[in-house]
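Letters are used for the chains, namely A, B, C, D and E, taken in the order the chains are written, and counting of residues starts over at 1 for each.
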Amino acid sequence: MPNAINIALIPLLPFAGFLLLGLFGKKFFGKTAGLIGTALLLVSCLLAFQTAYDYFFVYGKVNGAYQQFVPMQFVWLQFSKTLSIDMGLMIDPISVVMLVVVTFVSLMVHIYSLGYMKGEARFPVYYSFLGLFSFSMLGLVLATNIFQIYIFWELVGVSSFLLIGFYYEKPSAVAASKKAFIVTRFADFGFLIGILILSYCSNTLSFAELIQRLTTPGSSELQTAAGYSFLGISALTWGAALVFIGGAGKSAMFPLHIWLPDAMEGPTPVSALIHAATMVVAGVYLVARLFPVFALTTPEVLEGIGWVGAVSAIFAAVIACTQTDIKRVLAYSTMSQIGYMMFALGVSKYGGEEGLGYTASIFHLFTHAMFKALLFLGAGSVIHYVHSNEMKDMGGLRKFLPVTHITFLIACLAIAGVPPLAGFFSKEEILLAAYQHNQAIYYIALITSGITAFYMFRLYFNIFWSKPYHPHGEHQGEGGFVMTLPLFLLAAGALFAGFIPFGTLVSSDGKPLESHFHLSFSIAPVALGLAGIAAAMVLYKSQNERPGRISASLGGLYTAACHKFYIDELYLFVTRKVLFNLVGRPAAWFDRNVVDGLVNVTGNITLSLSEGIRKMQSGKVQQYGIYVLSAVIVLSVLFIYVW
Amino acid sequence: MNELLLLMKNELMVTAIIFLLLFIKVGKGMSNDRLLPVVQTLLLANLILGCFFNQEGALFGNMYHTTPLIALQKNILGLGVYLISLVCSDWLKKTEHLAEFFLLMLSALLGMYLLISGGNLLIFYLSLELATIPVAAMANFDLDKKRSSEGAMKQILSSAFSSGILLFGISLIYGITGTISFSELPQLADGSALFIMAFIFLFSALAFKLSIVPFHLWTADVYEGAPVPVTAFLSVVSKGAVAFVLMTVLYKVFQPIESTWYILVVILSVASMLIGNLFAVRQQNIKRFLAFSSIAQVGFILVGVSSGDIGSSTAVVYFVLIYLFSNLAAFGVATVIAAYSGKENISDYKGLYQTNPFLSWVMALALFSLAGIPPTAGFFGKLFLLTAGGSKGSYVYLLIAALNMIISLYYYLRVVRAMFMDKNETPVPPIQTGASAKLGLIICGIGIVLTGMMGWIYDYIQSLH
Amino acid sequence: MNLLLLLGAPLLTAVAVLLGRNKQQVRWMALAGSVVQLLFALGLLVAFRAERSGGQTAQMLFEQNFPLIDALNIHFHIGVDGISVSMILLTALVVTAGVLVSWNIEKMTKEFYFLLILLALGAYGFFISLNLFVLFFFLEISVVPKYLLIGIWGSGKKEYSANKLVLMLMMGSGLIIVGMLGLYFFGGHDFDIMNLATAQISTDRQNLIFPFMFLGFGVFTALFPLHTWVPDGHSSAPTAGSMFLAGISMKLGGYGCLRVAVYLLPEGAKEYANIIIVLSSIAILYGAFVTMMQKDLKYINAYSSVSHVGFSLLAIGMLTQTAITGALMQMISHGLMTALFFAVIGMIYDRTHTRMVDEMGGLMKVMPFITTVLFLVGLCSLGLPGLSGFVAEMTVFVGSWENDTAFHRVATIAAAMSIVVTAVYILRAIGKTAMGPVTNAEHLELKDASWNEKLAAIILLAGILSIGLAPGWLNDLLTPGAEIIVNRIAGK
Amino acid sequence: MMSGSTILFYLLAALTLACGLLSVTTRHIFRAAIYVLFALIGIAGLYFWMEYEFIAAVQIVVYVGGIIVLIIFSIFLTQQAGEKLAKPALNRQLFSALAVFCGFALTLLQVFQHEFKAGAEPALAPTVANIGNNMLNISDSGYALPFEVISMLLLAALVGCIVIALRSKPETK
Amino acid sequence: MMEPGLYHILFISAALFFIGIYGFFTRRNLITMLMSTELILNSVNLNFIAFNKYLWPGKMDGLFFTVFVIAIAAAEAAVGIAIIINLYRSHQSIDVASAEDLKY
C-alpha cells in the first residue's frame, strides 16, 4: 500500500521551501537559500523514486493491471451535496512517472541554478519560486479531482509567470510573463467551462467517478448528458473539447503557442524546468488523465487532439528552422515535440494493443524531459559563457565548453531519433501508433522528424562549429561541478532512458503492453533523421553562403516562418485593435459619458429647472395673489369636473 | 370655573404672561437683560404646567375643546416658543421692544392654542387671524431695515387676501350647511360641487399658512425680510399649529369628502416637495434657504397627513416635534451668526468649522435631521411620515417623496460642505455664544439626537389618541 | 455572547476618540477600539461555532429583541447567523486595517477616526439587525460619514464625488424605504425579518416590491448601471474611506439584496432573476473592460470592484444554494481584497504622490513589501487558487452552472470570460507599477512600508489566505444561511 | 310691478357695485377712498334692507367712522391727495381680469347651480337684545369666547401698531 | 324682474368679491390694495347675512360672523396701515413696486 505521508511530502517539501525562503530568505538565509531549496528537493526526489519503485514493483499491480490508489483525500471545499473540491493524492502509472520526471528535472535545475544563478540579488526569491513551482506541478500531477488539477494548474501558471518575469526590470521579461499568463489563462477559461460541463454531466468532480460514470455505456449520467447539446454538438463533446483547450494552452499547442517562445525571457534553468520538461507537458498529462473519457465517450475530440498535435508539431518544427535565438529554437522544438505527444494520444485507442499511442505519448514525455532539459541546460551553459542568446554571437564553442558540447550532442542525437538513444525509442512508438491508426498524421510526423533533426543540428553546428570563437572579456568557463553534474545526469537519462520497458509500466488500461519492435519500420524515420543531420552539417558546419541562398530562394515562406507565421501579429491585432479599441475604449467612453453622464444630467436638469422656475418667485405680492387665485380656480375645476 | 381653569390652563397662562408684559411695559419697564430671563422662566413654567392635569373636555358649547393630545400639541408649540426665546436671545437682547415682541409672539401663540382647540369655524377664523396679524407686526420689528418692512407688508397683504378667500369659503359652507360647528358639519356636508369649491377655498387658506405650493409664494420673502426669531416662529411654531389644525379639519370636519382631499393633499404635497426643493437648491441666504426647505418639509408632512388615520396624526405630531428641534437649531445658529457678524449668506459659512466647531456641529446636526439622516431624529420622523402615508398603498407617491429626499439632501449638504470643507480666507470669527443661546442649542441638539432614539415618545403620542 | 457589545464597542470608541487630547492619543484609542472590535468579532466566530456544534440549530443565534416603538410594531431585534458572523468579521478586519493605514492623517485626526468608527458602527448594526427598520437605520448611518470622509480628507474632485456618492446612495435608500414600507403593509404591519419571512405575501405584491428593494440595495452594491458613484467615490476618498466603501459598504448592499430582497420576496426574486443576471453579467464584463482602459490605480480597483461585485449579484440571480454561498463568499473575499488593494494604493500614493500607472515603474525594487502585497492582491483579484478570490469565483461558477437553461449557461460563460480580462488588467497594472525599470529617479529614495502599514496588510492578507487556503470554515458558516434562503425560494 | 323695496334693493346694489368698481379703477387715490366709502355705505344699506339694522349700524360705525378715516389719514400721511396713481401694467391687468373673470364665472355657476337648503328652525330676530344675549353667553349658542379672542387680537394689533408706527428714531438719510 | 332674494345678494357679493380681488391684483398703491381687501371682506359679510336671513334664521351664526369679521377687518387694516406707513418711511414710497427687493 502506498505510504500517504511519504507521497504527501513530495509536494509539501518544496512548498515548505517556498514559504521558508519566500518569507525569511532574504533576511536569514541569503546565499545558503539555494542549498536549502536543493536539499528539500533532493529529499522529495528520493521519495518520488521510492514511490515509483514501490508502485511499479511492489504493490501497484493487482490482477495483472496497475491500479489507481488514493492514499489520502479530504474535502477542501464542499460546493453542493454532490460536488466538492477534494484534495488528495492519486497514485497511478502516469502520476508516478510524472512524479519522477518532475522531481528529477527539478532537482537537476536546482543544482544547476546553484551555479547559474550565483550572485543574483534575488537568489532566495528565485529558489522560493522554484519551490512554489515544484509544489504546484507535483500537486497537479497528484490530483484526484478535476478541480484540484485546475487549482494547481493555475498555481503552475502563476509560478511560471513569476519565473519568466524573474528579471522584472527587463521590460521584455515583464511583457513575456504577462503574455504567458494571459494566453494560458485564456485557455484556462475554456478549461474551466469544460470542467463545469463535465462535472454537470457526471455530477462529480472526482476523476475516478467522473471517468467511471462517463465511460460506462448506458449510465444514467451519460443518458442525462446526451439530452444537452449546444449548436448541434453534444454537451459532452463541448466539455471534452474545452478541457482540451485548457491543456492546449498550457502545452503551447497551435494556435495557443505564442507565449512559449517569449517565455524564454526567464532564466534558462527555468526554461529547462518549466517550459521544456514539466509544465508544458501538463496538457498532455491532462489528456492522458482523462483519456478514457476522450477515447470512449468523445472519440471525435480525440481525433481533433491528434490533428492539433500534428499541426503543432510540423508548424513549430518549420519555424524552429528559421529562428536565430537558440532558446527560441529550443522552445519551438519543445512545442513540436509536445505536438508529438499530443497526436500520439490522439491516435490512440483505449485498452490493449490499440492503446499503444497512449504508452508512446507518456514514454516520449519521459524521454523528452531528459533530453530537452539537457538541451536547455546546455544552452544555459552556452549563454552563461557568451552572454547572448543569438547564434551569430556563437560558433566554435566546442573547445571552450567540452562537457556542454558532448552532452548537447547526445541530446541532439536523442531528439533527432538516432538509435539507440532515448528519443529513438519513444518516437518510434509514436510513429508506429500513428501509422496504425492515422496515416495522414503519420506522414506529417515523419516529415517533422526529418525537420527536427535538421534544426537541432543547425543549432548544434551553429553553436559549436561554424566560425571560430574569439573569447573576449571575462569568462567563467562551464560553471563548475554544480553546473556540469546535472548535464551528466541528464545525458545519462537521454542515453539510456529508452531502454526502460515502458509499455509494461504505463498503458491506457493499466495492463502491461508488449512492445513489438519492427526494425524495418524504423528505417524511414531514422533515414530521414540522418538526412536532416547531414543537411545541417552541409549548411552550417562551417560558415558559407548556402543557408542565405536557400532562405532567399524560399522567399515568402522563409519570411513567414521567420515571423512565426504572423500569429503574434494576429493576436496583437485582435487584442490591441479589436478588444481595446472596439470594446474597452468604447466601454470606458460609455461609462464616463453615458452612464455617468446620465447622473450628471439629472443633476444639471434639476439645477436648470430650479433656474427656470425662478421667475415664479418674482417678489411681487400681487402676482402671488394671482397665482393663489388661479390655483384655487384650477383646483376647484379639477375637483368639481374631473374627480 | 375650576373646569375652565384646568382645561384652558395653557391659554390662561399665556394670557397672564401677556398681561404681565403689558403691565411691565406700561409701568416703568425693565431692561432687556432682566426681562428676558423672566420671560424665559415664565415660558418654562408654562411648559411645565402644560405637562400636568391634561384631560379631555369641552367648553363654551363645544367652541373650545381639549384632549390630552391637543394639550401635547400645545406644549410642543409652547416648547417652540421657549426654545426661540433661548436660541434667539442674542437678537432679543438687542431689540428695543422686547416686551412688545413677546407680547405679540404670545398673542400669536394664544391664537394657535385656540386654533387647535377651536370647535367651530368662527373660532377657527378668529384664532387664525390672531395667529397671523401679530406675526405680521413682528415681522416688521427690524424697524430700520427696509427688508423687514417689505416682508411685513407682503405678509399682511397676502394674508388679508388669503383670509378673504377663506371667509368666502366659510360663508359658502355656512350657506350650504347652516352650521359653523365642527361637530355638526360632517353630518350636514353634502359633498356637492359647491361644497367642494368652498372646501378648496377654505383649504387654500390653510395651505397659505402652511406654505403649501402654490400658496407658498409669500413665504420666502417674509422669512428673509423678517428678523430671525420671527422667521423661526413662522417656520416652526406657526407651521406646527396649522399642521395640527389641518388634520383636525381634514379628518373630522371634512371626513365626508375624504376621497377629494386625499387627492388634493397628494397633488399639493408632491408640488410642495418639488418646488420647495428646486428653489432651495439655488438659495444663497440662509433664511431664504430654510424657508424653501421648510416648504419641502411641509410637503413631506402632507405625506403623513394624507392617509388620515391614527398613525398619520401620530406621525405628524411626532415629526413636528422633531422638526421643531431641528429647525430651531438651524435658525439658532443662523441668529447667533447673524447677531454677531451680520452674515446671513451660505457662502459666509465657509470655513465655519475652523472657527466655531460647536456652532458647526449643531448646524450640521440640524441639517442632517432635516434631511432625514440617522441617527438624528429627522430620520425617524420622516420614516414614520412615510409609513403613515404608505398605509394607503400608493407607492409612486412614496417613491416621489423618497426621491425628493435626495434633492433635499443635496442642498443641505451644500451648507455642510461650506462649513466643513470649503476653505475661506476670512471665516466668521470665533463667537462667544451667550449662555442661554448655548443652552437652547444644546437642548435642540439633544432633542435631535434623542427624540428619535426614544421610541416611547412615539408610543406616547399614539396612546393619546 | 451579547451582540450589544458589538455596538457598544464602537460607540465607546467613538466617544473616547472625541475625548482624546492629542492626535497620538486619538490614534491609539481608535486602534485599541478597533482591535477590541476585532477580538469581539473573532470571539463571536468562536462562540457561534461552539453553539452550532453544540447542536444549536435555530436560524439565528444570540437573538435579542426589545420593543422600540410599539405603535408601529418596531422592535430592536438582533441576532446572527453564519452569514452575519462572517460579515462582521470582515468589517472588523477592514476597520482595523483602516485605522492602521490612516495613522499619518494629520488634518482633523479626531474627527477622522470618529467618522471611521461611526461607519463601523453602522456596518455592525446593519449586519446584526433582524428588523428592517433597524437595518435601514444602520444602513443610513453609514451614508453621511462617507460624505464627510471624502469631502474633507479626500483628494481630486472630492466634493463632486462626495456629492455624487451620497446622493446616489440616498437614491438607493429612497427605493429601499418604499420597498420596506411595502413589506410592512403587505406583511401585516411588521418590520421583523423573521416574521416577514413567514408572512404570506402574494406574488403580485412581491413582484411590486422586489424591484424597489433590489434596486435600492443594488445602488449600494454598484449594480450596473447604478454604479457610477463607485469609481468617483472610491478614487476621491481617503485610503481608509475607500477601503471601507469598497470593502464593507458595497457588501451592505449585497447582504441587503440577499437577506431582504431575495429572502423576504422569493417570488419577486424568481420573477426578476433573469434581469438581475443580465445586468450583473453586463456589469462583470463591462466593468472588466472599462477597468482595462483605466490609468489611475484607484479607478482600476474601483471599476474592478464593479466587475467583481457583479459576481455576487450574478450568483444571487442564479438562486441556487451553491451560487448564493458563492455570492456571499465573493462579498467577503472581495471585501478583504479590495480593502487591501486600496490600502496598498494608498501606501503607494503616499510615497509617490501619484496614482497614475504610467508615472510609476519598477517599484518592486524600492518597496518590495508593498509591491508584493500589491501583487498578491492582484492575484487574488484575478482568482488565483490559494487566495480567497478563487474560492469565491469558483463557487459562483459552479453554483451558476447548476441552472441548466441556455440562458444561465451563457451568462455564466460570459461572467467566466471576465477572468481573462481581469488577468489582463491586473497584470497590466502590476506590470506597469511594480515591474520594469524604475522610471522616476525620485522614486529610488522611497521607503518601504512602515509598521502600521505592514500590520494592516498582514491583517487583511491573513483573512484572504485563511479563506483561500482553507475555505471550509467559511463555507460551513455560509451554507446553512444560503440553504434557508434557497429553501424559501423553492417554497419549502 | 316693482315694489319700493325692490327698487331700493336695485339702487343699493347698483350703488355698491358701481362704487366698488370705480374704487378699484379710478386713478385718484382720494376718490378711490370715497368710492370705497360709498360702496360700504351701500352694503350697510343692504343690511338695512335685509332688516339687520344692528349690523348696518356696526358697518357704518366701524367702517365709515373707523377704517375709512384711518385710510384717509394714511393717504394724507403718505401721498399728495391730488396726485394720480401710477397705471398698472397692462399684462398684469389682463391676467388679473382673466383670473377674476374665471373665478367669478365659476363661482356664479356653482352658486346658481346649487340648491340651498333652508333651515326649519323658527327665525330668531336679529334684535339688539338677542344679539347681546348671545354674545355674552357661554352656553351652547353663546359667543363669549370669540369675543375674548377678538379682544386679545385687538390688543395685540394695538401694541403692534404702536411699536411699528411710532418708532422712536425714524431713519434719516 | 324677480323679487330680490338670496341669489341676488349672492350675485352682488360675488361680484364685489371679485371686484375687490381685481383691485388687489392691479392697484399699485399699497393703501388702495388695502382698500380692496376691505371690499373683499365686505362681500363676504354680505354673504353671511344673506345666508343667515334667507336660509338659517334660526341661529345667528352668520350675523356674529359678520360682526367679528368687521372687527378683524379693523384690526387688520390698522396693522396694515401701520406697516405701510413704516414702509413709506423707509422706502419713501407706497408703490408696491418699490418693495420688491425680496425675490427669487
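The working rule: a residue touches a chain if its C-beta (ideal position, glycine included) is under 8 Å from a C-beta of that chain, and two chains touch if they have at least 3 such contacts.
All figures in this text were calculated on a predicted structure; none of them were measured in a lab.
**Q** Which contact partners do subunit A and subunit E have in common?
**A** B, D
**Q** Going by the touch criterion stated earlier, list every chain that contacts subunit A and also contacts subunit C.
**A** Chains that touch both subunit A and subunit C, as defined above, are B.
**Q** Going by C-alpha centres, which chain is most central here?
**A** Chain C is the most central one.
**Q** Tell me which of D-E and A-D has more C-beta pairs in contact.
**A** Spelling it out, more C-beta pairs touch across D-E than across the other pair.
**Q** Which chain has its C-alpha centroid farthest away from the centroid of subunit A?
**A** Comparing chain centres, D lies farthest from subunit A.
**Q** Using Cα averages as centroids, what's the distance between subunit B and subunit C in whole Å?
**A** Computed value for the inter-centroid distance: 42 Å.
**Q** Using Cα averages as centroids, what's the distance between subunit A and subunit B in whole Å?
**A** 77
**Q** In whole angstrom, how far does the Cα centroid of subunit C sit from the Cα centroid of subunit E?
**A** Subunit C and subunit E have C-alpha centres separated by 65 Å.
**Q** From the mean C-alpha coordinate of subunit B to that of subunit E, what's the distance rounded to whole Å?
**A** Averaging C-alpha atoms per chain gives centres 27 Å apart.
**Q** In subunit E, what residues contact two or more other chains?
**A** 17, 20-21, 24-26, 33-34, 50-51, 55-56, 59, 64, 68, 72, 75-76, 79, 82-84, 86, 90, 97, 100-104
**Q** Could you say which residues in subunit D touch two or more other chains, in rising order?
**A** 92, 95-96, 99-100, 103, 106-107, 110-111, 116-117, 119, 141, 143, 146, 150, 153, 157, 160-161, 164, 167, 171
**Q** Can you list the subunit B residues in contact with two or more other chains?
**A** Residues 122, 126, 129, 133, 136-137, 140, 143-144, 152-154, 157, 161, 172, 175, 178, 193, 197, 220-221, 282, 410 of subunit B touch two or more partner chains.
**Q** What is the complete set of touching chain pairs?
**A** Here the touching chain pairs work out to A-B, A-C, A-D, A-E, B-C, B-D, B-E, D-E.
**Q** Provide the residue numbers of subunit A that touch subunit D in the complex, in ascending order.
**A** On the subunit A side, the touching residues are 622-623, 626, 629-630, 632-633, 636-637, 640.
**Q** Would you pull the subunit A residues touching subunit E in the complex into a rising list?
**A** 614, 617-622, 625-626, 629
**Q** Going by the contact rule set out above, which residues of subunit C touch subunit A in the complex?
**A** Residues 164, 167-168, 225, 227-229, 231-232, 286, 289-290, 292-294, 303, 320-322, 325, 362, 364-365, 379, 382-386, 390-391, 394-395, 397-399, 401-402, 404, 406, 409, 412-413, 416-417, 419-420, 423-424, 427-428, 431, 434-438, 470-472, 475, 479.
**Q** Under the touch definition given earlier, write down the residues of subunit D that touch subunit B in their complex.
**A** For this pair, the touching residues of subunit D are 106-107, 110-111, 113-114, 116-117, 119, 138-146, 149-150, 152-153, 155-157, 159-164, 167-168, 171.
**Q** Over in the complex, which subunit A residues touch subunit B? Could you list them?
**A** For this pair, the touching residues of subunit A are 603, 606-607, 609-611, 613-614, 616-617, 619, 621, 623-625, 627-629, 631-632, 635-636, 639-640, 643.
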